[in-house]
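Chain naming follows the written order as A, B, C and D, and within any one chain the residues start at number 1.
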């Protein structure tokens, strides 16, 4: 059978040597779509593939919707009870694209069932929950990853490589914002799950802030302490039946962050930045250079070198990160034929499959549950600082 | 059988109602890859699909390479003789992604065999060749399209819609450049087929210039006359065995263009613009507004309105064309999660399949062989003007 | 006599009606130069002038240097003792462009001598000092201004007007950075006065941070509380004779800021941002729109409107603030012939002369000593928060 | 007496050694204002000055207006008959800022009177007129310059230096546009002198095109031949009394240009590019690098180097040309405190005074009447090509 359509590649040495990995997907919405697309695209674009994702099953509450998703993406079967999917022997990789309150329990049970696990971010709604999840995967000895997919943007990986090579020298500053606008008044957004603390854990912080916290840790290092403020601009929104329901998560947060290596930074995430559709922007200033990135122009990295170039023409370079020699680019297109947001998942899942099949570590380039846990610690510290008005030390 | 992996979608009403179309692909290099990716992606992303591409066969001269391509992309079979593929009854849509000297004959034979035809640009190496191709498809009554895929960039379609709605008023100016760098001295490019007039017809003109000529016709209208200059900076390059071989095509051209509606413009394409990987940039100035576009930032359109806004804050808008209400975007991702170059082919092929299945016209949004022919007339006029030093009228 | 060269304008009605104001300038370095240029340029560019600056005297410690400055800029006389200049009856406006530790005493004495006073920013080294200065000018009833000249950038004034007109609605966010690089290691900067707490009061905070704090108050409103972190990356630098001398001021600070109107923000200033020569960048997000500004492109303002424009082409406008109808522009040049940094002083001093001559208030568009004092309170709160790790309320 | 206000500088060695040069200015409008500002600013900003401009007289037809201009800028006297001003013995430098039909005769008479001459661009309305002017200054042996002031933008001079140093290698391409919008329909511009061939000679071509032609010659070299098209979008406009008057100059032109060194280019100027206030943009692509410039961001130069930098971070540098080591910058402000359009005249006039006082050549960095003449030849060739539809060789 050929759910993924690659059975006929078996005849070639390259693809034929790639083992199949059975995928069980939880969630068919935004992330289910993004991950499914990556599973389907990976075998022929990251070629020869390290593994062939076999789309075994997809799970979701709504029977009609999950059935259509299965048909659309080519999953061999579907479940309305994710517990049963986790028990499905054909599933080797459990991909958790469900809402935040469906991260911990399914992942823990999947770990106990010996599945490799890819979980969407934020890993958990709280430090405690994340700790339990980390404990479960560690105990079970399974491969685990958190979908901090922006580590797999070519420009971000290039930034990481430059920093790791010492090209920026000592890091002085990290400033990162993640700005969106989709719950501003003119959108008339109702009280969705992302605005409910019980389901989401936090608001802009966990959804957007967790990404820039992860990038800060990935690119600069471990934080030492944070101080923060949060705000909720619209305190209640129409729930089911139109009845006003309290918004008990942050609409926005702002924080100062001090890193163990002495770097000083700011973090901010908001869903009230009109004109910003998906602006995950960061800048790092170091002793020998600076870099800048904006997710809305994710094929570009701006780089400024100090002292490496003639003085009169120094300035930020607009690097189009789309050459075969750039990270992840050997599989894509010729010079300057840019890729999109969805491609980060192809890179990420390919990386994770490689870790599984060839027993390689997921880190440091992939984010593990350890990264997910540390991220949760920092998120909680930010909330605590905002609540108490005191700077909070980061202790994992 | 399930080459495309969608057999299991047959059970759903939506996809189940979509007819299969057998694809025969000529070429497995850059364009073969881009088109194959689109065929595979279309069924689950442009959902529900208007048709299900069934990857019947792929043809290419090198047996090992074409066999691997078939395996990689899931084509059921492969041919080293494209003539046989054209005769394959399972093939309903002939996709010609071969080099320019393999456009005319295969397309004409495919037309005679009653296939729908999608041909890469430029349609032909000359006006005469294009005319014969147009005649063949017209006579055969088959559906035909030329892969001027930039018509299917959301930002370009948005521009087209704005102009068609009269939002720019009378058009005064069109200025377009297509700048690349990949045969500059530091690339040490040998004498490839694109530098050989017999194979390619022309150089930067047919390869890059044809795109901006098409966009000019699509967005502004028919040209009235052109004057031009061409240049070949490196006159010979190492051929097979390292022996210098004459470059007999243009490395670059520049032209003035006057449109029938009175608009005045410039066109330029070159492969010697260092720092430009894939800069297809255009600007249109009209009575009521202006628009700007750069393919390297293809998710953006810059728009300037005159008189529609308070005077004090007028200026070019940086529109991120990535909302569900934007052209082609309903199938992609939430706000600001950008798409890449390859997505234009998904849009284009979806459009062509819709034309085939539902017997709709390919134009005016899709480019037909008529567009390909007119494009060839303009290219030839540019070469003639450069050769004679005289302005040349455009007569189709 | 004609130090300013305008005696011969006396014959015209327009300039002839403008009273002369005697200027006494303290400082002949960067700020002395910038202010002197403005005094000289004002009469013929802000035409007809509200007043004619008569360059009476300039004061500085170095006799040779101050004499040359007097000759260069056309001051009628020079002093090496500023106390004497303050007593000079010809001086009506005392312009204090000296280092921070020469702000308080001269300004207080000048106030007591009944002079109008323009003082460079930051007003003082501490809240206490600023309070004494404010008290002195208030008691003396003299006109007073602090040279927060960025209020007089046309784009900033346009932003102010838009906000004041309610065009942004409720303000959600203010994020501002002031980034420079001129004491990074590769500059080999010695231990100058700006790195000495006794002279400067603070480092990047007072020098750069005070500007963005002022813009925050001017554009968004009064802050409610702040939390902050500071850093000094290079702890000692060569002093006189090359002996290492401790740097006891901040090289950089980062802060969260909450405003009384509910807006949430971040502030950051640093002298360690490689590639940034003079990047004073701010963004404000409101319910109905957003604005962005970068001092390095000070002729531009980016504006995003929500709901005022067709949905499909919304986006940040790049407004070139260089039209006759823009703030301060009626005196300059035709469309798009941009002005520079120095022009802000022409606007500022013209505004202050108007306040003096026509007995108008300096605020709200000009910054007064009250603004300077409040700025000092906020700066001290930032230092206190960084020191204690606690959020600090702002109480004037 | 002290029209310029620098009499009291006589006591200092530096300024004291600078000779005075009597200025006679023709025209008090846009250019009169810009030049007068430069004369006044030069002595204290380009310090120590090479010469002290003594503002002797200003001439214009309207007695009231020219009297006010004299008062405003500090000219010692005014004339309504420029012939008399030219005969004024106090005038050593004749600055012609009048309309185009007042360039030839006054300049020729001034040359015969032995004056140094600075004339606004375009030098003349035709090749013949320019030839006569060049002959006159040559015969008279006076210093002469044409105010192609964009040569004195620091970024342009930096570009020139880079090219002269061979940093770009062989030049392949020059593309330049000069885009404005101020006679588009929504401006309701009447029939002004710039739209009258008798007065202006040509339209956008002479006004804007002459600037980019000059920059092409300055940066790339002499052209070999051109082909062109012109257009007049609005054929008649209200003249005096509202009566429609024919517009007999070009609103826009577009041209291809081939240089003697093999470079290929395009030129375009228009007054119908909505959203462009003053966009003089150019790009040069060479074997070893590329540069880009936009007058609306005149403090910046974009530079791309090939092969000089690590491959992975190559890209266009955004160079902020505002450092003390940059051309003309030693006299201005610290890092990143940008200058404006008017500063180009300070540089230009300083350069010309230096040529006069120290008997240096005006070229190659300053434009001479020879440059003005060659510019006229090229402008005429463009009009001829547009008229005949034939490519025209450039022969001086």
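We take it that contacts are C-beta pairs under 8 Å (C-beta built on N, C-alpha and C of every residue); 3 or more make two chains touch, one makes a residue touch a chain.
The model shown is predicted, which means the values in this text are computed figures rather than measured ones.
Of the two chain pairs shown, C-D and A-D, the one joined by more C-beta contacts is C-D. Ranked by distance of CA centroids from chain C, the top chain is B. In whole angstrom, the spacing between the mean C-alpha positions of chain B and chain D is 43. Here the CA centre of chain C is 34 Å from the CA centre of chain D. Between chain A and chain D the centroid-to-centroid distance comes to 54 Å (mean Cα coordinates, whole Å). Of all residues in chain B, those touching 2 or more other chains are 276, 314-316, 320, 323, listed in ascending order.
Listing the residues of chain C that touch chain D in their complex gives 1-9, 11-12, 14-15, 30, 34, 36-37, 40-41, 44-45, 47, 67-68, 70-74, 76, 180-182, 276-279, 295-299, 320, 322-323, 333-343. Taken in their complex, chain D has these residues touching chain B: 170, 172-173, 175, 177, 179, 184-186, 225, 227-231, 233, 252-258, 262, 264-266, 268, 270, 272-276, 285-290, 304, 306-307, 314-316, 385, 389-391.
Those residues of chain C that touch chain B in the shared complex are 158, 161-162, 301-303, 305, 308-309, 311-320, 323, 325-326.
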